[in-house]
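Two complexes are shown next, each including chain A; its partner changes from chain B in the first to chain C in the second.
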Partner chain A sequence: MTDTMLAMIAEELERIAVEKGERLPLLTPDSRFLDGDLPIDSLDLATLLVVLEQRTGKDPFRAGFRQFTTVGELAALYTAAA
Partner chain B sequence: MPRPVSEGSRLRAGVATIAGGPAAYLSVGSGGIPVLLLHGFAGDRLTWQFNLSALSTGRRAVAVDLPGHGGSTCDVGSGRVSDFAPWLVAFLDALEMPRVHLVGHSMGGYVARELALRVPERVVSLTLLSSAGLGTPFDLGFLRRVVAPADMAEGKACAEHLFARRSPLVPRVGEVLHAQGADPVRRAALQRIIEASFAEYADGGPVVDWNRYPMPIQILWGREDRIIPLPPADRLPSGVPFHVFDAAGHLPHIEAASPVTAAIRAFLNRCDSPSP
Partner chain C sequence: MSAAPAIGKPADRLRPGWIHPGFRLIEGGHDLGWPELAAMPLPAGGAVVARRPSQVLAALAAAEVADRGLLLTRGGEAETAGWDPGRGFSVTLESSGTTGAPKRLRHDFDRLCGRLRGVEDSEARWLLTYEPATFAGLQVMLTAAAAGATLVAVPQDRTGAGAGGAIAGLVHAARVHAVTHISGTPSFWRAFLIALDGAELPLAAVTLGGEAVDQPLLDRLAERFPTARLRHIYASTEAGALFSVGDGRAGFPAAWLSEEGGGGPEGRADEDRPGLALRIAGGVLEVRSPRAALGTAGGADGWLSTGDLVERCGDRVLFAGRLGGLVNVGGVKVSPEAVERRLLAVEGVADAVVAAVPSPITGHLLTATIVPVPGADEPSLRAALRAATADLVPAARPRALTMAATIPLSAAGKKSRKGSA
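This part shows the complex of A and B:
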């Protein structure tokens, strides 16, 4: 299930990067969102969260924001969400 | 179970070219009577990121950066936020939204009321969240600090003041406030707004004449708001839904995102088809 989420996150990040004319580096569960590993900013990250909520029907932040810095951590939040 | 998202309802960021300067926005979903979200002072459209998706069920949800904020024009004119109303009318036209539900947070609540007065036939309902402009005192000193934090530590201290509880978002919000304050053009625009629109009313302003608003109104507030404390009942319209969220400060749509979003959704759904 986490693998499914990783694939979905990779797909949506790719779409966001392409729209900006950027190329996504090879994504791993350890890729960090905002620390320069990926060509995305906070607007892109917000876009990603909204799309993931739309696609999965899950909101892991329902009970408040939860910290994540890497792609793998975000995938785990969605996998664990009811 | 993963579900498909049609192209038309996917979240997109855009910039509308309108008289008075460009308007940056996020739009998600389609159809229905759209909801327009107006952020608070020194905030931007991203403050709605935890609400946008759920609000776009069955309707378009749009969050716009107000002048002087985010990616929109830095030109705030005289600094009077009531002047944002005609700019927003042009924005509604540009996005082909003849009628909308309005949701305004803090300063955005004041702007929402101004827009509702200007084009009442286009405003289906009004949700005021921790709203400015109800005539009660507010923390002017905080507003002056928040636009020009001296360093990252002061940015973080300002961010902490916005929340009721420890939040993992505080460091990030602090960074954003500090970066914003370090941009002289941005800072000057925000300071102009403070002096032209807020300073005079810090100890209390005029009472709102709610009879001038023909549309349904709902009031939402965080119980532990330290910027605009919970107003007394006599400052609120009588007989309207009034929800107070425990363990939430000045950003209930972030700190209590799910219950706030649920309250907004339920209200908008009721107002979509008013009973005769």
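This part shows the complex of A and C:
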């Protein structure tokens, strides 16, 4: 289940990066979103969450902000969300 | 508008009263005090492109000495057309802007400084998270300068607050310089928490402003920085900084409203800022403030609309979005309707709706649903749609473009164009 989410996150991040003319480095569960390593900014991260909600029907942030730093932590939030 | 005359020898410049002798500015790799700022070659008044705090502070000092108006612009050419410098020393700032032309507001410098507490605090180390030539950025810089504190700034090569690299740079600077005071938008704080992860930071003061604050973020900040003073500031470009709320709860106490009788016609919104009154009229927060920008006196009775929709919930007044459909995306106010009009003008588009969806990262995000004309080529249509919004600020460009056969009459749940958070 988490693997499916990881693959979906990688796929959508790739799409966002390509639209900006950027290339995404190889993603791992430990890849950090806003650490400067990935070519994405806050708006791109916000876009990713919207797209993930569209695809999964889940919104782990419905009740507000929840802490996550890495790709793996975000995947776990979606896996745990009802 | 002719070029502003250069001021005399830098050494002639006296240190302004609003810069404490102990003030230090750490800007990238440079550690600057007043002597270094005074030596910067800047025009005394007129239009100044100021991307760095050193430029803003030096330009302010020079314009004050020359007793001339100063227009601080945040990029591109300093364009003075249509700008009224007024008489004497004042500061004109460009608003963070909608999808239209930036709005300029002239501020009396004494009034800008008037709301600062002016408490000496040479131990404080501030991190500048705002662009320098903005109202919020100016407040942070003037506060640090007056207190004799240290201001840590990370010069940005490219504009666009909240870029991943920019956040990483701010986190790095915060840790390296052990900053104690940070003021930022809720969108900044969400990104900062993500980038900071588990790192220790000895924060004494956590301040939020520029967007409505949600309770989960306040709770998260209180948990992450348990010893810090946590407060959120309510300000508007037109009416100036109005009040701060320090009880850890979103919104502000309903008892601060004038009609509650707490403080009579003057209200009691902020004990140390007398003269401020608040009321709700037609669901919109109105203020009467002695700190209103010049030329925005409001109605005949002095009440000024903030353009912010509010709701009373028990003992609390909560913010409920912008009047006129403007939504706040990462601290930038954008108009979904204006963006939608652009998309509708693209060849191959049959219909389009631009919606503001709530985002845990940037407050809101603009998304677009497009109905293509029959036979339209989707990849080239997507490229044309992106091109149609490419000149807008990043926050105003719709994300997550979806192709659909029809536009739903009412989007599911919270996804309405007006935004609902």
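In this section, the second predicted complex is superposed on the first by the 82 of 82 C-alpha atoms of A that agree within 3 Å, B and C clash if a C-alpha of one lies under 4 Å from a C-alpha of the other, contacts with A are read in each partner's own complex, and residues count from 1 in each chain.
Just so we're on the same page, contacts are C-beta pairs under 8 Å (C-beta built on N, C-alpha and C of every residue); 3 or more make two chains touch, one makes a residue touch a chain.
Fair warning: this is a prediction, and the values are worked out from it, not measured in the lab.
In the superposition on chain A, A:F33 contacts chain C only, with no contact to chain B.
When the two structures are aligned on the shared chain, A:T4 is found in touch with chain B, with no touch to chain C.
Legend: residue contacts after superposition of the two complexes on their common chain; A:A63 is shown touching both chain B and chain C.
Once the two complexes are laid over each other on the shared chain, residue contacts for A:D41 go to chain C alone; chain B is not touched. Of the two partner chains placed by the overlay, chain B and chain C both lie in contact with A:V51.
With both complexes placed on chain A, chain A has more residues touched by C than by the other of chain B and chain C. Chain A uses residues 42-43, 46-47, 49-51, 54, 61, 63-67 to touch chain B in one structure and chain C in the other.
Remark: chain B residues 1-5, 9-13, 26, 28, 46, 49-50, 52-54, 56, 167-169, 172, 176, 254-258 touch chain A in the complex. The part of chain A that touches chain C in the complex is made up of residues 19, 32-36, 38-47, 49-51, 54, 61, 63-69. Interface of chain C with chain A (complex): residues 160, 162-169, 187, 190-191, 193-195, 197, 214-217, 220, 329-330, 357, 359-362, 365, 367, 386, 394-395, 399-400, 402.
Residues of chain A that touch chain B in their complex: 4, 8, 42-43, 46-47, 49-51, 53-57, 59, 61-67.
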